[in-house]
Amino acid sequence: MKPNAVRQCAELALKDLRLELRAREVGLVIAPFGAVALLLIPMAVDASTALLRQLGPGMYWVVVLLFGVLVAVRDTAVEAPEQHAVLRLLGVEPAVLQMGRALANFVLVLLFELLLLPVSIALYDPDLTGWPWLLLALPLTAGGLALLGTIANSLARGLTGRSTIGPLMVVPIAVPLLLAAVQSTRAAGLGRAPWPWLLLIAVVDVAALLLLVLTAHHQEETA
Amino acid sequence: MKPNAVRQCAELALKDLRLELRAREVGLVIAPFGAVALLLIPMAVDASTALLRQLGPGMYWVVVLLFGVLVAVRDTAVEAPEQHAVLRLLGVEPAVLQMGRALANFVLVLLFELLLLPVSIALYDPDLTGWPWLLLALPLTAGGLALLGTIANSLARGLTGRSTIGPLMVVPIAVPLLLAAVQSTRAAGLGRAPWPWLLLIAVVDVAALLLLVLTAHHQEETA
Amino acid sequence: MKPFGRVLPAVAGGVLVVALVAAFLAPADRLQGDLQRLMYVHVPAAWVAYLSFALTLVGSVLWLWRKEPRYDRLAASSAEGGVFFTGLALVLGSVWGKPVWGVWWTWDPRLVTTAVMFFVYLGYLALRRATADPLARARRSAVFGIVAFVQVPVVHMSVVWWRTLHQPPTVLKPGEPSIEHTMLAALLLSVLAFTSLFAVALRARMRIAALEDAVEERMRTAERALAGAAIAAPRTEGVRTDV
Amino acid sequence: MASAPSARPVDAVVELSGVSVDVEGAPVLRDLDLTVRRGETLGVRGANGSGKSTLLSVVATLRPVRTGTGSVLGKSFGDSAIHDVRPRIALVGHAAALYQNLTLRENLRFLAHLTGRPDRAADDALDAVGLAGVADRTASRCSQGMLRRADLARVLLSEPELLLLDEVHSGLDAASVGLVAGLIDGVRRRGGASMVVSHDQQRLTAETDRVVEIVRGAAVPERCA
Amino acid sequence: MASAPSARPVDAVVELSGVSVDVEGAPVLRDLDLTVRRGETLGVRGANGSGKSTLLSVVATLRPVRTGTGSVLGKSFGDSAIHDVRPRIALVGHAAALYQNLTLRENLRFLAHLTGRPDRAADDALDAVGLAGVADRTASRCSQGMLRRADLARVLLSEPELLLLDEVHSGLDAASVGLVAGLIDGVRRRGGASMVVSHDQQRLTAETDRVVEIVRGAAVPERCA
């Protein structure tokens, strides 16, 4: 009678996505905010078109990182104490609970990346050589951010200042992701295959995944 | 028996600052987040030291704007519907309520600017010619951000996704502030007196102030 | 209980003296001259920071496994030490960088990742501060203590992964260390000195933490007023005196 | 307690006629007439979701009406002078209106300062509801009933002429349910009026002068008390 | 209702002995002993802030104890097998555990799906508490009593063996207070046990087999019912 873990995970993610659809934090708010950030930087630094073309990919990834983290720790991703109590009493495995949240985060961060992509291309007019590598780099990075954001969310649960202490913990740890993503884009732009960088991102993803699953039990107990 | 408007305004601001002191969102969390952002951007765009020295002031102001807005719309700045009902029933003038909030925001944004200043100087090593002008530029910009943030907060009241819809509304309006602040720093760096730019910031401030006071009544009623 | 003990500080003091002597006796660098002697404080500071974060990791894992408070104290005390030594390495590196590179700070991956490591563990300490319940605090910071440790290999490998200005690994690398032997000896001595200083401080901090916990525990087991005891019945009569 | 004292009993404190109210576009109250006189205590009953809480927020001048006219404490809706009577109204809703990160004392003193009352008034109010001993606990660390009591202390502090209570008995322990009756009495003595929403039939008949029931969006009087 | 049916009355569903509980470092319960047997309904009273809600969360295995031992549904605290009994426990607290932006139907179906129940079960539960007509309203647009009822529907859905109710009568209208008694009866018939926290002395004596009072952090039996 009890549904299997995959089914439960999907149900949990679906719930998060539905909540997000109602609040539209990511689509209507965080993504435009990220776009505005991309727009403001060239204005503030007063850079030439050539310089902008060079800065473009880096800026894109910085904004993805900073605001992608905001996506992962958005308000609707957090349960009230009562809701959390109900989830704990349901008998769903902690690892499944965490994976459900991470899955929803992944979808949203990826969506956010895709929304920002045309904006950054339009604003910075970067060199697009090697763009197919993005098809790998984008989901890998989104996965890492989503997983780290999920961990941060459950560590910051119930603390005052949650919405900001979460990002503070994730952003620095996500730095290797940022650096590797930037380098992979750069390598791809130079016509080289960015395998080492993608591998680095994948390693971070796998490490975060293992940590999430292995510590899930402890994270759910922190009430 | 009824205290005067200034006293009330101070009481309201004090309450906000006290809440902030308890949650320590700005000091412990938003400011480090801003510092990390300052640290990451150069890393991602892989710029030379000379280029960075040139980008420095612009980056400082972009981060002040983006995260200063987060300061103004932080969680502790928002009343629950019940708290708002109580404030409305107290008989305090709506304009006074709004000014109290703006005052607290001003203090916090200024604090945030001051915290980031040494970080950006240490990291970007910018040319410091004309720095005394900052003594004017910093509070003027903080005032503008605080006022706009207050307006955004009350417009977004009760909407889901508040913490992010607020920034979205403020950031575009704050663009003139950003440009003027950047230009004033640049002019000061060239040894010129940046009066026109400071005047522009002051005009934005006054306009925001008037908007806040004149629409305060309507804003308090949107519940 | 003496927080510092007696033997360990004496040993540490001895090692420190020897290391100082060695640092001044070691030959000056051909290019940098005496400036290079900053290495004997900069490098040990960085390595001891690694060591302390590794101890935080160990403490965190052990706590999750055994749930004994002393492992939590180990993790917390050692993270504090790590933040201090990371800060020290940053400051000393800057001081060294100004004459050598001409700037206090530059966009070198080693520098940035070190600074980021500093922030990560500041976040660790902030998380501890923000959590009031001892059990929840230990649990959460243990999880974060594990997550945070990924920074250490990143900092170490940053010079290899990204082309860089900063010194690549000269000692901790496969094969023969690429450094003169007297310098290496002096460096190792100063590392030993820093490590023993750290050991003294760590033990003191852990003992203080244990005392704090004991005080807290005694306060608990003592007849403390219950949270509910301070709530009185309302003075309903007082409200309607003249009815 | 069932007979109102004769303090100017003809003055209507609340007067609603033909009032319809929508909440975010959904009709909740329809063609509702209601009068509450000085010195009177009106009980309000009704099924869940019938619109009792909505009615109280309308009477508190916090929610606009779609059609119909009304006046509260002598000022009619739509008149901008209605804001002047607000400080004389107190509303205690389902959830406590306290700042989670302020202590109970700070919460009460904040309100006292804004209305020009001394610190003592706030402390006395907390004392009267039995919370003097925990005045330095932040609201986030208080139990449900403690929060309710602190919310009632707010009423003691503001000495309203129109008191609106929305199921405030819930959460109060046996020793403090009397608080509510005391507050109502205080208002009555000051010549004001109260509206008390509750699902507890017995309590309503005991503590109020008459009871109306909200049925299909309108106020239907129950057998006269 | 005052005499427990003899369904295996010796099995203890809840057994606490010498339990002390701290909440964020503050002592709340101290040296508390409590036994609840199968088929039994225990009433819990106590002053505001005495620790009733804390006790329920401990019994629900959601909060650790500082000292003392205890077992729930046969598994003792500290044993990792305690997690297996959790699905057989239902807790209804002061605030409803619903997602504000999901409709009532979505809320209930979400829980149904996670525990492998069909959609119908969720809809039936909503129907049983009288909310079938407003099942498509989001929780944020429901009144206090509607939320309470939806929370009770959750209990109907999960068919627990140990039911923990924290002042659930509050907010329910006259027509639906019977719901609570129905839920308790259902649990009793399944051979489970209930703990009911309330400040309403009459209701407690009517609906429970015996009542304990939380006094100075411990459970003191009231005159045997």
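Per-chain numbering from 1; labels A, B, C, D and E assigned in written order.
Assume a contact is a pair of C-beta atoms (placed from the backbone, for glycine too) under 8 Å apart; a residue touches a chain by one contact, two chains touch by 3 or more.
Remember, it's a predicted structure, so these values are computed and weren't measured experimentally.
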TODO: Treat touching chains as neighbours and tell me the shortest step distance from chain A to chain B.
DONE: 1
- [ ] Quickly list, by label, the chains bordering both chain B and chain E.
- [x] A, C, D
Open item on the list: If I average the CA coordinates per chain, which chain comes out farthest from chain B?
Closed with: E
- [ ] Compute the centre of every chain as the mean of its C-alpha atoms, then state which one is farthest from the centre of chain A.
- [x] D
Task: C-D or B-D, whichever has more C-beta pairs in contact - done: B-D
- [ ] Measure off the straight-line distance from the CA centroid of chain A to the CA centroid of chain D, and report it in whole Å.
- [x] 47
TODO: Can you check how far apart chain A and chain E are, centre to centre, with Cα atoms defining each centre and the answer in Å?
DONE: 38
Task: Residue list for chain A, restricted to those that touch at least two other chains - done: 22-23, 76, 160-161, 165, 168, 172, 175, 179, 223
Task: Junction residues of chain C - those touching two or more other chains - done: 109, 112, 116, 119, 123, 126, 229, 231, 233
Open item on the list: Multi-chain contacts only, two chains or more: what residues does chain D have there?
Closed with: 101, 134, 146, 149, 175-176
Open item on the list: If we count contacts the way the header does, which residues on chain B are in touch with chain C in the complex?
Closed with: 28-29, 32, 35-36, 39-40, 42-43, 46-47, 49, 52, 122-123, 125
- [ ] Would you mind writing out the residues of chain B in touch with chain A in their complex?
- [x] 22-25, 28-30, 32-33, 36-37, 40-41, 43-47, 51, 54-55, 58-59, 61-62, 65-66, 70, 74-75, 160-165, 167-168, 171-172, 175, 178-179, 182, 186
Task: In the complex with chain A, residue positions of chain C that touch it - done: 64, 109, 112-113, 116-117, 119-120, 123, 126-127, 130-131, 136, 139-140, 142-144, 146-148, 150-151, 154, 161-162
Open item on the list: Residue numbers of chain E touching chain A in their complex, please.
Closed with: 57, 60, 62-63, 83-84, 86-87, 89-91, 93, 95-99, 101-102, 106, 110-111, 113-117, 138, 154
Open item on the list: Under the stated contact criterion, what part of chain C meets chain B in this complex?
Closed with: 103-107, 109, 112, 115-116, 119, 122-123, 126
